[in-house]
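These are the structures, in structure tokens.
Paired with chain B in one complex and with chain C in the other, chain A is shared by the two complexes that follow.
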Partner chain A sequence: MTLSFFDQFSSPMFLGIPLMALAIMLPWIMFPTPSSRWINNRMLTLQNWFINLFTKQLLLPLNTAGHKWALIFASLMIFLISLNMLGLLPYTFTPTTQLSLNMGLAVPLWLATVIIGMRNQPTHSLGHLLPEGTPVPLIPVLIIIETISLFIRPIALGVRLTANLTAGHLLIQLIATAAFVLMPLMPTIALLTTVLLFLLTLLEVAVAMIQAYVFVLLLSLYLQENV
Partner chain B sequence: MPQLNPSPWLMILLFTWLIFITIIPPKVMAHKYPNEPNVLSTKTLETTPWNWQWH
Partner chain C sequence: MLSRLVIVSANALKGSSPLGAGLVQVSRCLHASPQSLSPVAPLPEKGGKVRHGIIPEELFQLLYPKTGVTGPYMLGTGLILYMLSKEIYVINHETFAAASIGAVIIYGIKKFGPSVAAFADKLNEDKVAKAQEVKDSAMTSLTQAIEDEKKEQWRVEGRSMLFDAKRNNVAMLLETNYRERIHMVTNEVKKRLDYQVALQDLQRRMAQEHMVNWVEKNVVSSITPQQEKESIAKCITDLKALAKTTQAKVAV
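So, the complex of A and B:
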């Protein structure tokens, strides 16, 4: 069976265990549950600080009704950022490259924000479909456009995360293959390619963190409109 | 593209939500903070300066 570069993304099985299950279950060992000690160890203190800072920043633009979502946003951020970052290690599987996982997170959460808006304040939520100050003849067209953009949001949310991570992993694999193949032929070029690979890996670390953050941030924005 | 293979989609969805709902929130909730979340107050306190009487 010829391997293509996309085969790193098919859900792998090892000894009958789907590795997806392991990749989703095991990262939380790195986040120990804090006990009621007054001062915890360094790792817990850092995680504590991070969750506090992140939740405070994220909830700043939300009104009080939106603060109920603090736990789910914090959990989502921890989930995504640890899955993304751990996937950059060699021989690991990144579950967030799977469209199923990202859509499975994006669609229900987006739908929850829309339903909350429609149930509690339907006029206000529907009012977002028409930007302020549009000329009267343009109103029907703009409402159609805004409705389409509303429905594209969950797809965009899921596909953005999937595509960014998939593209990053694919690039790493391509350039690593190039460096490896070039090593016996043109060692200098192979060295340059390795430097490029190093810089790309740094970029991918940044992308992993940024994409997780963007996912949660956009969800908080959708919540802000509807709550 | 192997990601579009529909066969493990439902299991991945269910499993992810299971972990997302059962394992992570207790870990996040267990983090305790010394101060209550508070709204920033808009008025600044007026402090009256005083002299050091004993110099």
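So, the complex of A and C:
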């Protein structure tokens, strides 16, 4: 099969059937169901430990009203981290490289935090538009700037995740192509390129985990402001 | 109260109406446990055996009778060469990417696998150790309670001896006190009686002295001077006679 650089990012189709739903649901089958036993096997113990650690860490700065979001944050984190990590395997499609998916996650969640803030404590939420201790002449300009930054948040959330993952995947493909093409011509350079590819892959693994964490962390921050 | 009756009966009748079976199955997707009372089967301690990390050992066992030890390896090599030569799998840049990520995964598992497994085991062991500690401490406290109870029972047996000793003590104290008081009474009475006796003695002595004095006075006053001279002359003649006899004795 011949691959162009676009094939990795095109929505998967098979005989005209879109497989996007399958691609999104795939991580779900990778995780074992928590059982009602007291002592579980290693896989389940580690999964439980990770989810507990992550949820505790994330909900620490939130007050009690924010703890309602615990389930969605934990599941969002598992979702994003598994999609990102699975995307590093060859010939896989990463749904998080699609801007539509990331915006579909970012905009509703961000909007939910804003609406919660505006509805329950409007003065407090609007107060975030003006940082403390600004000189009086700067206030109008700063309010405009803060409003713009508030509305850029969902775009930033979605595009950050998309751009990071797309760029990473594209880089892997390009450097792999370079190594592949250089192999018959200049094997030494090809070897260097392969080393570069190896390092890049390590970086991509880190980026995959970090980007998922940053997404959820920023959402929890926005929630913290508004709840 | 009657609402509970309705709920219970509705639950029991769930499976009996014409749509009964379907109604029962509706909530099945929400069940979290298997809804049976059979004992839970134990989990296997370790996962299935694999060779080279991904290929299950059962494949090798399956092929062993017909193709021996090298069978599965020949199968794998043959499959790979077939796919390459027929260009079912084409080597392209993704192969390099696959090799790269494969190297990362294998390195990660080889290096961190045992420590992660040990960590997971430790988490479970800590859980078990905590429960075990509770059980052990409960057992030690209960055995300690049994020991204490036995000691208390032994103490109860000796209680009557303790009471006897105390009773003896008290009796001795009372006896001593009584004897002291009797002694004191005796002494006091004796003192009073002695006083009376001394008084009587004194009176008699005084009477005696008085009488003796009176007799002496009377006698002395009754001696006339005539009688005095006569008695002195008598004494001198008696003395002379005595002196003569004494001289005679000495000469003899």
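Following the convention adopted for this analysis, the second predicted complex is superposed on the first by the 218 of 227 C-alpha atoms of A that agree within 3 Å, B and C clash if a C-alpha of one lies under 4 Å from a C-alpha of the other, contacts with A are read in each partner's own complex, and residues count from 1 in each chain.
What we mean here is this: contacts are C-beta pairs under 8 Å (C-beta built on N, C-alpha and C of every residue); 3 or more make two chains touch, one makes a residue touch a chain.
Everything numeric here is computed off the predicted structure, so don't read it as measured data.
Once the complexes are laid over each other on chain A, chain B and chain C both fit without any clash.
In the superposition on chain A, A:Y91 makes contact with chain C only, while chain B stays out of contact range.
When the two structures are aligned on the shared chain, A:L202 is found in touch with chain C, with no touch to chain B.
In the overlay built on the shared chain, the residue A:Q121 is in contact with neither chain B nor chain C. Of the two partners chain B and chain C, more chain A residues are in touch with B. In the superposed model, A:I172 makes contact with chain C only, not with chain B.
In the superposition on chain A, A:R42 makes contact with chain C only, while chain B stays out of contact range. Once the two complexes are overlaid on the shared chain, A:Q224 sits clear of chain B and of chain C alike. With chain A as the common frame, chain A serves as the apex of an angle whose CA-centre rays point to chain B and chain C; its value is 20 degrees, to a multiple of 10.
In the superposition on chain A, contact of A:T162 is made with chain B only, not with chain C. Superposing the two structures on chain A brings chain B to within 8 Å of chain C, judged by their nearest Cα atoms.
Put simply, chain A uses residues 36 to touch chain B in one complex and chain C in the other.
Within the complex formed with chain C, the residues of chain A that make contact are 1-3, 36-42, 45-46, 49, 88-91, 172-173, 176-177, 179-180, 194, 197-198, 200-202, 205. Within the complex formed with chain B, the residues of chain A that make contact are 6-7, 9-11, 18, 20-21, 24-25, 28, 31-36, 47-48, 51-52, 56, 67, 71-72, 74-76, 78-79, 95, 97-101, 104-105, 108, 162, 166. Every residue of chain B that touches chain A in the complex is listed here, in rising order: 1-5, 8-9, 11-13, 15-17, 19-20, 23-33, 37. Only residues 32-33, 40, 43, 47, 90-98, 100-101, 103-104, 116-117, 119-121, 123-124, 127-128 of chain C touch chain A when the two sit together in their complex.
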